[in-house]
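Given below, in the form of structure tokens, are the structures.
Two complexes are shown next, each including chain A; its partner changes from chain B in the first to chain C in the second.
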Partner chain A sequence: MEFFIHQISEFGTALTNLALDPITYPYLICSVFLGIVFGALPGLTATLAVTILTGFFGNKFPLEQSLIALIGAYVGAIYGGSYPSILLNIPGTAASAATAMDGHPLAKKGRGGEALGMTTTASFIGTLIGTLFLLVFVWLLLMISKNIASPEKALLALFGILLSGTLMSKDLVLKGWISGLIGLAMAMVGLDPILSETRYVFGWSYLMSGFQVVPVLMGAFAVPQIMDGMRAAGSIGQKVDVGKIVPKVGTVLKRFPTIARSGVIGTGVGALPGVGEDVAGWVSYGVGKAVCKDGKDFGTGSVNGLLSAEAANNAAIGGALIPLLVLGIPGSPPAAALLGALKINNVIPGPTIDPALIVHVVAILVMASFTMAIMGLLTARVFINVLRIPQTIFLPVVMVLTTIGSFSVGGGINDLYLMLAVGFVAYAMNKMDYPIAPLVIGVILGPLFDETFRRSLLISDGELSTFWTRPGAAILLSLNIALVLSQIPTVKRLFGKLSFTS
Partner chain B sequence: MRIALTGIAAAATLAMAGTGFAQDYPFRDITTAVVWGAGGGTDTINRMIMAEMEKELPVSINVINQTGGVAGSNGMVYVMNQPDDGYTLVGLSESNVTAAVQGGWDKKFDYWYPFIVGGSPDLISVGKDSPYNTLQELVDAAKADPGSIPAAASGAGSIHHLNLLAIEKGAEASFKFVPYKGSAPGQEAALAGEVALVVTSLAEQAPLILGGELKPLATLTPESAKIGDMEIPSAFDIYDGLDAYLPLKQAIGFAVHNSAPNDVKAALGAAFEKAIASEIVANWAADNYYDVGGQYGEEAQKLFSALESNFAYTLQDLGNAKVDPASLGIEKP
Partner chain C sequence: MEDKTALRARDFWTSLVLIAACVFFLWCTTDIPLFDTQTGGVTSGDWYNSAAVVPYGIFGLMLLCALGLLTISIKDGGAERALRGAGVGWERAELIRMGCIAIILFFYIFALVPRVDFVICSALLITSMIYGFHDGHPERTKRAAAIVAAAGLYAFVMNFPQSEWAKPHDDDWVTLALWLGLTIYTLINHRDEYAVRIAPVMAILVPLILVLAMAFGFRQNVPNRSGLLFSQIEYHYYVTLKPLWAKKK
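Let's turn to the complex of A and B:
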């Protein structure tokens, strides 16, 4: 309790100092805006935004100001990815892929303004929830994340992949899982994570490093969307009814349980080392689908679905900073770039970190989330107008941006071929009513599952019991089993009857 | 008219390029492509030294990351494909010497003209709740039940893995090697109790040791190390046979094409010498537990060539080499 009060008062001082210092604002506004732009451009990621700024600031500027810029860009980019997700059905970053599931159907129903407003609110509250955990429950979360070893990570990744089966296949649940398994198989290409043996490489050295997530993501979502859009395109843009963007307080209060739950899930997932915002969004979306009353409407334009994804991916920022600051182990890829920036400035995060720095980071996060919310609500009105532009003009531009985004990751022409190949396959799959999102989840989570599953067995000498003798693993394993059972029609009917009679 | 204008523009561009050619290196910005990810040791060291070298050169140096491939081969191939005019450098470390035998690319390491900023000695450490308090206790336990104690190190063929192999040979013990992608996840596994010990560098472990999360048992260099008010003994004083296999030391820095013109090498060398001697680098190295290197050119090539032989043939012994080192012209150590 004493710690609690101490942290709050320290935070108050830090926030006041930061808010009263006029130099804060130019850094904050520019970096959040830059972050939003990076997030909104398909394929440019939060990691890239933070890395570029790290290069720009180096050790030439005082650390306080560099930190404001880097954290501002991080928060902005995770949020900015939701714009193209909602407006174009093309996720700006992997973190906002789940946002597109319900965001775009809402926009198609003419509720795009509302969707952007709710997203902004959810991102804002989500960031604050993650920040609160970083401030107050940092040691508690640290204890949990320290006890998470390979078996738990493997089961969490499996949970994410199995969730894909429950997502939005129009006719058969099985189609989601088929698509997810294709993604999982794609994740196996390259050097295996344990013995460094080549798999499915066919003597081609490009394949040795495996498939990069960004080109696959762009191929899977952007290319079919652009092809479809061009086929259907008229020469005039859509009529856009902007409507009210700032959501009513009552609506937000009504949705608060969803936002709070997603925020807590996002923080928890973010706090796991090596598991970032993208996984947070999907896991929270899956959990939301299972527990929300309107869960069966997820994927058709459910506000709860949108909030589940968007609150979680922003909350993961605060979560990812916990192991970064307290153990020196980054919780997500952008946090790894942040670690570099700290080290260049001779600040070594870890157990010996100055507690004042954590409070300072918390203060920056709070300032950044306010800036993001205000800027988001103001710019949403502008961004939504892109829908007015005729698709025949706009979509080719998006294609160029997408190509740049895919190129930016590895800087190789092969990544572009990969994007196109995945794009054509995804287009065909769309036509056959196979959902494409599970494939992307498979590619994102496959390597994590592969590595942690095999390492668990390596350590336990092949003893499968390692997946249920540890308490954390046992809980996750039962969640996985429940998830599979809930999709089997017989079991579903049984449970349906039970709840009917009771 | 338009054609004429284009012609003038083209002539002007040519003229500018012409004058540019006559100018001394460097007259435009330099890019350094680091082959390892942001936040890692090689990335941090390159960003630090480039910021210092920038002060000695009339141009800016941009640091980017080109990761992936085998043992950092993506980044090396990327720089190899750029002109050898000294405007694209590659940020690398000792672990890249295995890229060729692992099939990532087909060049011997003397393709580069390297500059070594420094490295940090490797440590063998255990989690804070570990029952082992000395290296002897750990080794005795491993001898009692060979291959049962899990040991974390980064992937097969990394310097930390080779150090683990060396201590196994030197102390005649055997552990269960569990590979991780990089040092941070391996250390995380030691904290979580997933593995009993971890071999990574002092620089990487320092904050965890000072914070009481890791218990250091021994350094894998002839010298002992001091961190905070803790004295870490050298494994060399405990086991006599170690000097046959150790020390294997990190060499982190950057490189330019060996085929680059001499004036480029000289200009980079002069800037490097000044940067490495600066107080900022000295302080940074001391605070972060790095030993400053400072070798470059032929001297550094010799060091890398020795590492390359050692790494390549060790990998071949382990059955992890895809390409026979002899076929690349790598000599036996």
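Let's turn to the complex of A and C:
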């Protein structure tokens, strides 16, 4: 108990320091604004916003300041995706796909302003709920994580890749797993982490240090969006009038149970390695449909439906940061981009992370959520006008941003070649319904998996039993096996028969 | 159903490509010692020391998944459709659009960015993409791709070796001339289009602000520092402007 009181007081100090530092505000306002614009423009994503800013800040700025910009953009972009979802029925980001289900019908009924106001409030409260869980659970997990050794780390990394592949697949689960395996294979390029043996370098010295995270992220997320979005855009969009946006306090209080429930669900789903805000939105929407009194009205313009999705996707941010900070395993694709930023600043998240950094991240999240709420309620009309810009005008600009961002991080022109090659492959994979997130998670977690898996074998003198004799490893191995088996049709049919018989 | 079969036809070809890639990389992995690894100069005969263990596992699993995908695609009629010549469900117009974007991006990244001033080549990229794709006219799309390809090919052919990337600046001038030509052409023939009117402003301002912010604000590396425009900007920043505020201090 004393420990938690100490952490809360540390958090209070960090928040006060952040709030009293004048440099915080330009970073926060600009990054949240940029994030909302990125979220609001269909085709641009939260991951892209964080990745592009990672390229800009690199390692030339103090990490504390870079983190304000990156987290501000992350929070803003997840929220910003709700604008086109509600007003145009086009999800600005994958995270706000569930928002469109009820948001757009509300807008069609002339309640667009109300929908935007409630969405802003739900996103704000959702982010705070996620942040609260982050503040409480990160310490618990940090204490547990000190007992996590190489076998657990290897199995956890594998679980993250498998889970991401399973949940992100739109078509066959097999495609999600293949995507994750391609990412893992890409991570094998370069010098191996234990013996420094060269692998798949083919005489190109650039590959000795392996694939860099930032160009891979830029290639995987930006290039396919640019290639897909550059199609006939038609004329500049018409002006949208939405009416009053600021919601009544009474309405918010009445809907608070829905927001709170969705916030908790969002945080839980966000904390699953490699899953992300879009899955959080859909899971919470599904639960809301099942438990709300007006569940049958979901999809026809239900405010509860809208809040279920929107509170959850923002709460997932706090959730996604829990495994990132404690274990170095990103909970979502934007968190993966954040991990890239931490790595180029020589910060290795995990059990040895500086606790002050965690408290700083939590304080930034709180400040960013307040900034987002104020901007969302007072300057929503600016973001509504952003929706009128066609993709064919802003995507070429994004290409230039991506190019200079990717170039600047370190690898120079070779990083650009890598970015474009990954981009072409990711575009082809998108076209064939392969999810891209598992590939990126694979590239990021690959080195961790490789090193910890082999270290486990080295320590145990080649005994594979090290993966099931330790209790933590045994649980994680069972989870991995259960996850794979649950997706095999024969096993599914067998379980179906068994449950039918019983 | 038709879409699903087309997707399975693509899966059929993809699985074959994946199988070939897995076999190739498994073969490449045999180059990494499995039983006679060297650790700090000491030879070890243990398989678990080897850097090949994890790659064998990854490519082996990927091979299994690819075989599973092949089986599914054959079962669902994808193979039949793929081999029948009914195609994989891509339209010709979409292929042309994609081809043109791929050409533009390829020449921009591989030919122009390393050799031509970043502001000039990005201006050409922005103008050609807005002109070529905004209203979805296939002729304009092809023309835009041809212009970027022409600039890229010139830079490639005339200044291929890395030693010529910084100087001479002939490729910078050619790219600048092509951008100016395209801008004037679009402003004369399509000035009623809002996107075409704002394209030249964006084409100059966006890369210029970005490159200035990156080089002098964020203190990051920028492409082609010795480019036609940037070399002048950098020279005057350090020689003309910086002494002004340095003296004030």
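Definition applied: the second predicted complex is superposed on the first by the 275 of 502 C-alpha atoms of A that agree within 3 Å, B and C clash if a C-alpha of one lies under 4 Å from a C-alpha of the other, contacts with A are read in each partner's own complex, and residues count from 1 in each chain.
Keep this in mind: a residue touches a chain if its C-beta (ideal position, glycine included) is under 8 Å from a C-beta of that chain, and two chains touch if they have at least 3 such contacts.
From a predicted model like this one, the values you see are computed outputs, not experimental measurements.
Chemist: Is A:Leu195 in contact with chain B, with chain C, with both, or with neither (first, second, both, neither)?
Modeler: both
Chemist: Can A:Arg455 be said to touch chain B (first), chain C (second), both, or neither?
Modeler: Touch status of A:Arg455: first partner only.
Chemist: More residues of chain A in touch with chain C or with chain B?
Modeler: Ranking chain B and chain C by residues of chain A touched puts C first.
Chemist: In the overlay, answer first, second, both or neither for which of chain B and chain C A:Ser205 touches.
Modeler: A:Ser205 contacts chain B only, not chain C.
Chemist: Have a look at where A:Asn346 lands relative to chain B and chain C in the superposition and call it first, second, both or neither.
Modeler: The answer is first: A:Asn346 touches chain B but not chain C.
Chemist: Let me test your reading of the model: by the given contact rule, A:Ile29 touches which partner, first (chain B), second (chain C), both or neither?
Modeler: Neither chain B nor chain C is touched by A:Ile29.
Chemist: Of the partners chain B and chain C, which touch A:Thr392 in the superposed model: first, second, both, neither?
Modeler: Once the two structures are laid over each other on A, A:Thr392 reaches chain C alone.
Chemist: Check the residue A:Ile329 against both partner chains and state whether it touches chain B (first), chain C (second), both, or neither.
Modeler: first
Chemist: For A:Lys60, decide between first (touching chain B), second (touching chain C), both and neither.
Modeler: It touches chain B and chain C both.
Chemist: Please work out whether A:Ala149 is in contact with chain B alone, chain C alone, both, or neither, and reply first, second, both or neither.
Modeler: In the superposition, A:Ala149 contacts chain B only.
Chemist: Please write out, lowest number first, the residues of chain A touched by both chain B and chain C across the two complexes.
Modeler: In the superposed arrangement, which is not itself an observed complex, chain A uses residues 58, 60, 194-195, 410, 412, 458 for both chain B and chain C.
Chemist: Over in the complex, which chain C residues touch chain A? Could you list them?
Modeler: It comes out as residues 7, 10-11, 14, 18, 25, 28-29, 32-33, 37-39, 46-51, 53-55, 58-59, 61-62, 65-66, 68-69, 72, 97-98, 101-102, 105-106, 108-110, 113-114, 118, 122, 125-126, 129-130, 133-136, 194-195, 198, 202, 206-207, 210-211, 213-214, 218-223.
Chemist: Under the touch definition given earlier, write down the residues of chain A that touch chain B in their complex.
Modeler: Touching chain B: residues 47, 50-51, 54-55, 58-60, 146-150, 191, 193-196, 198, 205, 208-209, 212, 273-274, 323, 327-330, 336-340, 343-344, 346, 348-353, 410-412, 451, 455, 458-459 of chain A.
Chemist: Any idea which chain B residues touch chain A in the complex?
Modeler: For this pair, the touching residues of chain B are 37-40, 43-44, 47-48, 51, 62-70, 73-74, 78, 102-105, 150, 155-157, 176, 178-179, 181, 184-185, 187-189, 191-195, 206-208, 210-213, 283-284, 287-288, 320, 322.
Chemist: Along chain A, where are the residues that touch chain C in the complex?
Modeler: These residues of chain A touch chain C: 56-58, 60-61, 171-172, 174-175, 177-178, 181-182, 184-185, 188, 192, 194-195, 197, 199-200, 223, 226-227, 230-234, 236, 390, 392-393, 395-397, 399-401, 403-404, 407-408, 410, 412-413, 416-417, 419-420, 423-424, 431-433, 449-450, 453-454, 457-458, 461-462.
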